[in-house]
Each structure stands twice: as structure tokens, then as C-alpha cells.
Amino acid sequence: MTFDALVYQGLIGVSLAMYLWLLAAGLTIAFGVLGVVNFAHGSLYMLGGYFAFTYYLTLEINFWLSLLLAALSGAAIGSIMERFFLRYIYHLDLAYQILLTFGFVLIFADAARIFWGGIPLIPPMPEVFDSTVRIVGRPFPVYNLFVIFVGIAASALLWLLLDKTSWGETVRASASDREMAGALGVNIPRLFTVVFSFAAMLAAFSGALGTPVRAMTPGIGTSVIIDVFIVTVIGGLGNLPGAFVGALIIGLMKAYGVLLFPDADLFMTYLIMALVLLFRPKGLLGGR
Amino acid sequence: MDGWTTLTKTRLETRLALAAGAALAVALLAIPLFGDYVIWLTANMLILALFAVGFNLLFSFTGLLSFGQAAYFAIGGYVCAKILLAVPSLLLGIVGGLLAAGVAALIIGFLCVRHTEIYFAMLTLAFGMMVHSIIWKWRSVTGGDDGLVGVPRAPLEIPGVLSVDMADLDRYYYFVLVLVSLGIYAIWRVVRSPLGLTLQSIRDSESRVTFSGLSVRKYRLIAFTIAGLASGLAGALMVPLGRSASPAIANWTFSAEPVIATLLGGAFTFAGPIVGAFLFYIIKEIVVIFTGYWMMTLGIIVVALVLGFRGGVVSVVQRHLLPLLARRRNDTGERR
Amino acid sequence: MNALFQAWGVRKTFGEFVAVNDVEMTLEKGVLTSIIGPNGAGKTTLINLFTGKLPCDSGRLDFDGTEITGLAPHQRVRLGVSRSFQITNVFQQMTVAENLQLPVLARLGRAGRPFARPDRDPDVRGEVESLLADIGLGKARDVRAKALPHGDQRLLEIGMAIACRPRLCFLDEPCSGMNPGERAQVQELVRKLTKMRDVTFVIVEHDMDVVFALSDRVIVMHQGNVLTEGNPDAIRNDARVKEIYLGEEVGA
């Protein structure tokens, strides 16, 4: 591979990584605070994408606003999931949480079919992004640069939120010791709803972000969740910086994989996950 | 933990179980009278029942939730298909699929049982999807996303002993019935055996099992392999039914079928997954008649089950129907 | 003088906290030993290290001349080292008889048999009956463990520990939560089992009456170290021991 191709594909990989990062961040935060692994997280990504389509194409709302509304719609759905369903099974075996969220995967998949039909929705590119930029002598889609920018901005915001605000401190404290936090007066049930909705919002935002470049189908929820699991496991379950690293690794792997080993690129990602789990079960950066 | 399959049942329960079993046996034998569609449906139910019973051995009796059982189902199915495409012997195909799945489960299980709970679930998922991606991409061998078609429903031949042609759906249905029954019976014997006792004990208290002198890891692997064998047999039986193999049977969403069937029927009982398998298909078929949205229906049912009926249908029967019918043995072993 | 179990330089820390600090200990065959000490002395951690529930940070453990430092708990049990737990750890959902079946099957090497019937195995039945008789729970054989009164659960706990026919058996607070009558029962049981089954018991206990009534030898631990050891009378009168138990009654 030439140096040019290395850089070009690398940037593609980084932009892919940003979607994964937003998803993984949500999953990690939800797991860290609630101890829940949400199998429907990928479905929330899907719903975010569909909502964005509706807001932007059907209702012809401004693109930026559509992204925001889609993210908020995801948050709303997340809060309903937590408040009226998940909340009642925290005391049970982990298996039941997995089963419950899997039930939602099924529900959301058909819901998507009902509201948006089964045919893939064609990505609409907003005019402002409909151009390319020359990188290493080749045309590189501006939108991908935008995605990279959004990903970095989101990381910065996330870091600010968690590290510098009192809400962030509460979240981190609850993640490390729920009982203590509760004893210190934190309204744990409400915090859980807020955190879960926040995670759902990140997932939906990631899906919405992808609408101009990725066709939406109802099946995307179940394939995306696998990628997110892989990223989270590589980074370490519950480890936020780890999720970022994991997302980069998988994003780059997908981008380079398509060039280097086109038939085995899927296989490679699963293999990496299996290897990490076998030799460093706590993830590359450690986890819970 | 809800419920528990004990070795001591009330007399009424045993009588009811025997009666139900007899009725079921008669019904199953009479199925071919109802036409091809019913035969095909029942055969699928039986295959799912075997698949689910294997899963349940792992889940309820050993405490391990695996979302990757489809891998062994698919390996069993595809190996059977390849054998049948080369050699027209049903016996070889079935046995080959079964063994291949068992070996795969042994290897993958060895790597997975060092971990528990969420890491175990994720590892089984990863390996499951790895198998799926191999099947999807390796076009030359597996047919890729087109799968393998034109798989002959070869005759059952034991040289010198018997030769049964299987082209007739009736015949093949009985073959499936016999093998599924044998498979389920084998697992039933395991559950009642010292091995079964050990597995159930692991679920109850891992440390107590360790301090009784047993390697928990080794027994988990045994359970995982048995579940893999059951899945592989189920897969091998399914392929000649439709005369094809498709990558869908390796997808993790297919792994969810035995999970849902088990939850539906009742996880912590032996009969639960069997009941659940039948219900699963009935619900699917009924829903498809009215709307296309059987996934959503199943999803809603799963959510309802987890929230309120974790013991499934069997526990509803045990808890609410049976006490109405007779006295029970309570916990201290006395008759009331 | 028959060293059944030896420990050298055994150390265990949890982060900054040193639970067990370079402990050296010899346990002799036929000598009923009690390990006492105030809460936090490291007694249960020590048992966990000796039985393999926790790995040692450093140190060496020998059982009957064989090094067992790196062995997994189930391997140690097979060699003859077993334990009971401070918090009752039996199979709650099974009956008393079914509970005892498992360690017996394990000992006979029959735990993995896929098609036999455990209740139809005469060897298993015989051993389970004999255990039930020894621990005095014969009448409760069909009662589910979770339905047993606390005292009986603790007896079953001891039964599980000796079912694997250990030569060395660690009992972690066998009398916890028991009334005086039940404690006397446990004492009787331990004496009887020592004689009949040729087991050397090592008991971690807080109840000083039991300690002084049963023990041939007492080891005192304090803050992760072995403070002193000796026969019960010597320990009872040891000023340092009284000091560390400040406010607690040290026997009569």
C-alpha cells in the first residue's frame, strides 16, 4: 500500500471510528453506571437514523435541527425503556436484562418496518457538504471530515461534562460505588433514567449523523450492535477512553481491511475481539 | 431463582406429565395425516425443541447464557449438506454434522468457559458471528449468501441392515421425530445423572462445587459440548428437510430462537423449552396470518415474560393450575 | 510430631491493606488447632489462602510433604484439604441428602457419569447415609436445605466439608449464629469426627468456650501476623492475648 493510500484510508477509518465511538461511549456509560448491557443500543442507532430521515427529508427541517431532534427522540425512547421496563429488573440476573433489551431489539426492528417500510432509504446529502477536498491528491468527501470533527468535539464535550461538572461527578461517583452514592443523597433511580437516556441519545445521534452517507434499513440495528460490543470489549467494558481506542482500532481495521483482505475483514474484527477476551479479558485498557 | 427441576415430583405431576406425554406422542405420530404444511411445521418445531433443550442445559442447569448456539446449528447443517452433496447417505450426513458441531463446541467452549456472565455471553456471540462471517464469505465452499441448494434428502442406509428412501416428506418427518426424541431423551438422562447433578450444583453454588473437589471449568465445558452436539444434530436434521442450507442459520438473531423458546416455555424446567418451541412456531404462524410483524409480537411477549412470567408457561401451569387440582408435597417433604 | 500442613512466608494484600503478613505456620496431624484473633486479624483470609480460594501474593504451602501453592482449590480438595464456610454455603435448592451426594460422587470419581442414577448407586447411598448419621440429620434427609433451621444448616455445612474424606479440614466459624445447645452439638460432632474419621480439624472461632474445650493447640492472630501460639491454658493466661481482645472476654 502506498503512503497516499495509507493516509486516505486512514482518514476514512477515523471517520468510521467516530460513529462507533459515539455508540460505544453511550454503551460504556450505561454499563458503567447502571451495570446494564443494552442489546437494543444498535436499534437506537437505527431509530436515530430513521428519525433524522423523517425530520430532514419528509418534514424538510433544517439539517442541524434534524440531527438534534433525532438525538432527542432517541433520548425520549431511551427514557421510556428505562423508566417503565428496565427499572423493574435491576435486581435480577444479568441474563434477564439481556433478554429484555433483546425483546426491544425485536420490537424496534418491526417498528422501523411499520413506520418507514423495509426498503433502504437513500442518503440525502445536505448541500453545504456536497463537495470534496483534495487530500494526498485524491478527492475526500467533506462530510467525512465533518464527522471526524463532530467526533472530536463530542469527546471534548463528554470529557468536560464528566470531569468538570457536578453532574459529571455524580455520574462518576455512582459508577464506582452505587450504594455509597445513594447513601450520600443521590437520587439513584432518576440518575439511572437520565444516564440511560443520555446513552440512547448518543446512539441516536450517531445514527442520525450517518444518514447522508449510509442507507438506512431495519436490519442495521442488529449488525451495528455487534460492532459496538467488539469496540467496547476491546477497550474494556466500562472504560471510556478504552472505548475511544477500541473504536479507532475497529474503524481503521474496517477501512484498511477493505483494501488489504477484502474477504476476511469481518472475520478479522471478530477474531480481534475473541483474542482480546482470551488474553486480556479486562480489555486493552482494563475495565470492570 | 424461580422453580427448580427436582428429582422428587408430586404424584399428580408425574401422572399428568405421563398423560401429557402420551397424548403428545399420539399427536406427533398422527401428524402426517394433516398434510404437507403441518408436517413441515411440526418438523421445524421438533428441531427447535431439540435446539432449545440443548441451550437450556447450558442456561438453566449450568447457568451460562450463550447467544452463539447458532454457530453449532449451522456447522451441523452445513457439514451435513456438504456430505450429502458428495455422498447420498443420510446417516453419514447426520453423523458428520453432529460430530463436526461437537468438535467446534469443544474447541470454542474451551476458550469461552474461562469466563463467566457477561464476558461469556459476549465471547459466545463473537465466536458465533465469526462462524457466520466465515460461512458468508467462503463462497466456494458454503455458497456465500446464496447458501447451498439442491441438497438431496438422501436415503437412510445402513449397509446390509436397512435402506429407507427419504424422498417422501412423511418418511423424513418420522426420521426427525425419532432422532429428536432420542436426542432429548439423552439429555433427559444426563439431567437425572450425576453429571446433571453436578451441573445444577454449579448453578446453585460454584464455590461449593469447587470445594467438593470438582473443576467447575471442566464441567462447564462438558455442558457446552453437549449443548453444541444437540445444536449440531438439530442443524443437520433441518438441512435435508428444506434441501438447503442458508447463512441465516448462523446469525446471532437465530441464536435467539432457542433462548426465546426456553423463556416462553419456562427456563428452569426440562419440558419448558419443548413447550416453548411449539408455542414459538404457533405464535409465529398465527401472527403471520394477520400481520407480517411476528418479530414485534415475539418482542412484546419476551418483554412481558421477563417482567412478569419468568418461569414461562410451565411455571404458570405448575403454580396456578396444579394446586387447584390436588394436594402437594411441601418443602419439608410431608404430604399436606 | 507429624507436620500435615506447612506454610512459609505467606502474604496477601488488598491494594494497600495487608491482610496476611509473612505468616509461618505448621499444622500437625491429630492436633486439633484453633485459630483465634479479633476481627480483621486475617483469619478467614488465611483459610482462603490455605484452601486456594485466594492466591497468595508470595509464600509457600505444603500439604503432607507436597507443595500445593499453585494448585486450584478443587485439586487441594482431592489431595485431602477441605473447608467449611463461615456463611453457610450449601446447595439451597436441593434436599439434605442430595447435597451430600455431590461431594460423595466427586470423591468416588463418579460426578461426571452422564447416564447413571445417583440415587440408585449403593456406594453413594451408603456413604450419604453414614454421613447423615454422623452429623445427626438423618430425619431431615428429604428436607430442602433452604428450609432447614440455621443450626441444622451449619451441621450440613460441616457434613459437606467432611464428605470428601479430608485429612485436614478447616472449619470457618462453625458455631456462628448458634445457641448454646447447638454449640454443644457442634463440639460433640467435631470430637466424634476427629476420632471416627481420622480428620485433623483446624477451627477458626470466636466462641472461646468452644475453643478452649476442644483445642489441643491455639494460634492467635493479630493484624495479619501470628502473635503467639500454645496450649489453651497458656493462651488463656497470656497478657498480650488479653490485651488485643481489649474488652472481650477471653474464656472463664
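By letter and in written order, the chains are A, B and C; residue numbering begins at 1 in each of them.
Throughout what follows, a residue touches a chain if its C-beta (ideal position, glycine included) is under 8 Å from a C-beta of that chain, and two chains touch if they have at least 3 such contacts.
Owing to the predicted nature of the structure, the values given are computational and were not obtained by experimental measurement.
The most distant chain from chain C, with centres taken as the mean of CA atoms, is A. Located most centrally within the structure is B, per distance between chain CA means and the overall CA mean.
Chain geometry summary: the mean Cα position of chain B and that of chain C are 42 Å apart. Centroids of chain A and chain C (each the mean of its C-alpha atoms) stand 50 Å apart. Inter-chain spacing, taken between the CA centroids of chain A and chain B, is 33 Å.
Taken in their complex, chain C has these residues touching chain B: 51, 53, 72-74, 77-78, 82-83, 85, 89-95, 98, 101-103, 105-107, 110-119, 121, 142-144, 146-147, 160-161, 163-164.
Partner chain B is touched in their complex by these residues of chain A: 37, 85, 88-89, 92, 94-96, 98-100, 102-111, 113-114, 222, 226, 229-230, 233, 237, 263-264, 266-267, 270-271, 273-274, 277-278, 281. Chain B makes touch with chain C in their complex at residues 1, 4, 6-8, 189-190, 192-198, 200-201, 204-205, 207-216, 219, 222, 331-333.
By the touch criterion stated above, chain B contacts chain A in their complex at residues 59, 65, 67, 111, 114-115, 117-119, 121-123, 125-127, 129-130, 133-134, 136-137, 252-253, 256, 259, 263, 292-293, 295-296, 298-303, 306-307, 310.
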